[in-house]
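Dumping the structure here so I can ask a few things about it.
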Amino acid sequence: MAGAAAPAPAGAAPVIELSGVKKRFGGVVALNGVSFSLRPGEVHALVGENGAGKSTLIKILCGIIQRDAGSITLGGETYDPHTPGDAKKAGIQVVHQEFNLLPYLSVAENICFEDMPRKAFGMVDYPTLYAKARKALDAIGLGDVDVRRPVESLGVAHRQLVEIARALMGESRILILDEPTATLTARETERLFQIIAALKAKGVAVVFVSHHLNEVFSICDRVTVLRNGESVMTADIAGTTTDQLVTNMVGRQLAAAMATARDLDTGGRTALSLRNLRHPASPHAEGVSFDLHYGEILGIAGLVGSGRTELLRSIFAADLPLSGTIERDGQPRRYRNPKQAIRDGIGFVTEDRKEEGLILGMAIAANVTLASLRKVSRLGLLDKREETRLTRALGDEIRLKYGDTADAVSTLSGGNQQKVVLAKWLANNPKILLLDEPTRGVDVGAKAEIYALLRGLSEKGLALLIVSSELPELITLSDRILVMSKHRIAGEVARADFSEERILNFAYKDERNHGHH
Amino acid sequence: MDTTDLTTAQAGSKTIATTTKTVLREAGIGIALIALIIVFSFTPHFLSSSNVTNILTQVTINLVLSIGMTFVILIGGIDLSVGSVLSFCAVVAGTVMTLPGLDPAVAVFLATISAIVAGIGFGLLNGLISAWWAIPSFIVTLGTLNIARGAALQVTNASTIYSFPAAFNAFGSQTFYGIPLLFLIALVLVAIGWFVLTKTVFGRVLYGIGNNEEAARLAGHNVFFYKVAAFTICGVLVGIGAIIYMARLNIASPIIGIGFELNAIAAVIIGGTSLSGGRGSIVGTLLGACIIGVLANGLILLGLSDFMRQMITGFVIILAVILDKYRERLTKA
Amino acid sequence: MKFARLIAASVLAGTLAMPAASYAADKPVVGLVMKSLANEFFKNMLEGAKAHEAKRGDYTLKAVGMQSETDVETQINAIESFITQKVDAIVVAPSDSRALVPPIKRAVDAGITVVNFDVALDDKAKQEAGLKLAFVGPDNREGAKMAGDALAKKLGAGAKVVIIEGNPGADNAAQRKLGFMDSVTAGKLDLLDSRTAHWETEEANTVFSNMLTAHPDIQGVMAANDSMVLGVVKAIEAAGKTGKIEVVGFDNIPAVQPLLKEKKLLATVDQFGQLMAANAIDKALGVVAGGKPLEGWVKTDIKLVTSDDVK
């Protein structure tokens, strides 16, 4: 476990020291005085709500943008990077939240992209390239990935690890990991923590940015909390509690919403019934079967790649299922496209809101009404007054924080963007909502609000099907949890029996019985 | 005044601010056009009424094609076939118009219909092929560019069609207070295009698809239909453009329209429409087409050599796009 | 869908595969390399050549045209494939008077009789390549001068005129411009401006309208081809100056016949394009049959056409 490595001595000279760092963008103050220091060989958590200034701070450290005021000293000297190249030379490596991989190149080419091994006449030295990449992947325990594979063919989790391997190619004194576990399963996260522990032992200082406080407590030595562009607290993890951190992050006592248990019967009418529904990517014909009831929140757990997203996509006809049947209110249905599913009262909050959920460059109102344009138009003509009214009404209902309904949705924070996605479906008065990672990249405060909102919807009688990689989330929200593994239902856990261990047991069932399919 | 009114008023003022931003975006292109006009107004004759008539006449065909091109570029496509298709539409219409024994009015009417039908045919072809097989429209329309040109040559056996009805010829040179009738027709098309893109569900979804096709599809929109529709609209405008060409020059030939697609693309891009789709406007396109027309006219009046003229036109296209980048930053801040 | 793709692929493959050529052994084979067949002038020329082949019946004609006026590549490829096919003679109308010298040299070296017609190859380029080749064709400069002189005669000395040029860089465009310039000097005309409209109707219309704005007192226009004449005449009509500005052109295409009749076009030049290729083929076959090699410039007929020639 990470804690095994020796904690950094409190008296050691800091590798990097920031003091009073400020940054504004036009009229917006992004950083308003951030100070913290990093000791060699420590894992330092950087936490804060979205918009607290974490991303801006990281961009300054890795030379993408420059600070307006304040000082940064690296190894005793002033550090003032003007390009990402400067930062790399100084030994600061970053794994960004948004991937910077080249999808059509191989894993090896991606890992060595900054420093390709060459032969005469500038030709790429492939044997060396593959060897270097192999070594880099083995070093982080990715022995099962072929370095010649194009990155495009890898899943999200593997891409994340390739990013880390790439960052570690350079000589690193400081490694910054921005939300590294957001897309990882518990097991992959564990592997990452082992890598971090190894780096720590080599004396590398690691900055760990995460929304998951449990992770912060399990691997970090110290923590700095940012709020509204200021560093409001730095402390040793050993003497800190979750409540303390959360209080500092949100600046108020978080509503107990996140912990409330719920007591609903799942005996409502069946809203959706699947029998042997099989996605084209599914390796076997048996598919997936279950019933979803009105007023129920049904959680879907499973590892990345277990077919959870594919299941939602085949219900919604985003991908057409190969075989199997869908019954809606007891009537057989065969949706040919999302349009038909939507008309039948189904909504789908996708995993990747930037790629699939939102039209970032367009107005909030346009996004909210995107799936219900018929409600805000007559004879094909838009009624913009009605559109604005509907957007404002829904915005109030879901407590959306926004300037104007005509502002581009890209100006909103992650949590509010996610609320716009929800509003888009709510505008249609759906009966069933499919949600894929509904709180990914959303800060603690907004998360609690979204949980409350989803509960409210189920109390109104909506049937919710929620896929999530965060087990605490599923445990908090769900009435029942189905665990998927290799594109089938590996087990079902009732609310009374909820525990992470039980769920993970089902999730890893097939992994253990390897080799017979 | 109660609180509800207050918030509405605040929201209202914000809407005005956003509208101002939008207007500013377009005003940027407008300012460029005005600057160009001011520079050229130092040359004699530039502002004379007959020259204004000239410029408007010369802008008309490109403007009509650019309206169609705007629809295609907004969904992230491109149509390289418009010049060739214009030629094909023109020779089809020319053949119909010169059929022996037809009453001139009937001949012109049938010719107009046939040009538009021919344009729709190629628009459908472009749209269906690129949407069904998900082939980049760049390649598909490069193919239809050749098909249409070849078809036009085949239909006419490479000869020029001429001698259209006198009334049709006169119609082409008609002006109202110095404004060519053909240009007024183009302005009506601009107004229709603007209305469709900004006031209708169809326009809204078109922008949505251009920005994020997958999100639009998952929101229940038939992406295939919209793509085909955008190319078909472009085809309709090419058909109308062909009739305008014939009215202006009194000929139809299989070798006309070479390079028209590039002028139309330039007008759309100068007008601030993003080549990757999802952003832009018809009003911008109108201004973009005017910039190209004014430039071509003004540089000749300045007495610059053909070669200098070509170079300057190239520079202006690049400059316009660079300016657009700055304007984008300005309005974002 | 996959099936449809397969069909598309095989159709494409079929098109790309060159059909193996086979010719009757006894008849000589003549390869004809033409310019853009989209141009009416060359299309008529090709038809003349085909009629000629049918009429003589003692040779096989193999003709290649280009996509556009400036498509040099296609011509070079055509000559090279004719060399490979071992034709007896190549008759070529070069699209570029320099770029085609090397492939023609290769053809001559391969023992093929080559006749250059329509546009002459550049003398200097020929010298450098060590190529000796006769040219069969009309004198474009002389033709343009005939048209220009007709204009000068009509307008008188001191008249203000402009020239609408063909494609810059094209030899016939350059020759025609020189011919117009000869008339300007000889007839003491006042040349106000000279611009290209790339042989095209719409561009000529635009360019001439703008010239007319800059120089409202233009009295005469010399256009390097008749397609451009069509655009110029429309611009004159639009400006309400019909009858006040005289126009001369070149090529005598059918579309200008009504203009000649209505006297909107003063004169144009006929270089009997339809016969040009046929004449060149005759000359080439003469050499193949053992006749004397051609030398220098074998000039072909040109004629000034005015309203008197249109009935």
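By letter and in written order, the chains are A, B and C; residue numbering begins at 1 in each of them.
Note that a contact is a pair of C-beta atoms (placed from the backbone, for glycine too) under 8 Å apart; a residue touches a chain by one contact, two chains touch by 3 or more.
This structure is a prediction, so every number in the text was calculated from the model and none was measured.
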| item | value |
| --- | --- |
| Shared interface partners, meaning chains that touch chain A and chain B | none |
| Chain with minimal offset from the mean of all protein Cα atoms | B |
| Interchain centroid distance [CA atoms averaged], chain A/chain B, Å | 43 |
| Rounded Å distance between chain A and chain C, as computed from the means of their C-alpha atoms | 68 |
| Averaged-CA centre spacing for the pair chain C and chain B, given as whole angstrom | 34 |
| Chain A-touching residues of chain B, taken from the complex the two chains share | 11, 14-15, 17-19, 199-202, 204-205, 207-208, 211-212, 214-222, 278-279, 333 |
| In the complex with chain B, residue positions of chain C that touch it | 1, 5, 36-40, 43, 68, 168, 193, 195-196, 200-202, 205-207, 209-211, 213-214, 216, 227, 230-231, 234, 237-239, 253-255, 258 |
| Chain C contact footprint on chain B (complex, rising order) | 43-46, 48, 50-51, 54, 57-58, 61, 133, 149, 153, 157-160, 162-163, 173, 245, 248-251, 253-258, 296-297, 300-301, 303, 306-307 |
| Interfacial residue positions of chain A with respect to chain B in the complex | 25-26, 316, 318, 337-339, 341-343, 348, 350, 355-362, 366, 370-371, 373-374, 377, 380-382, 392, 403-407, 424 |
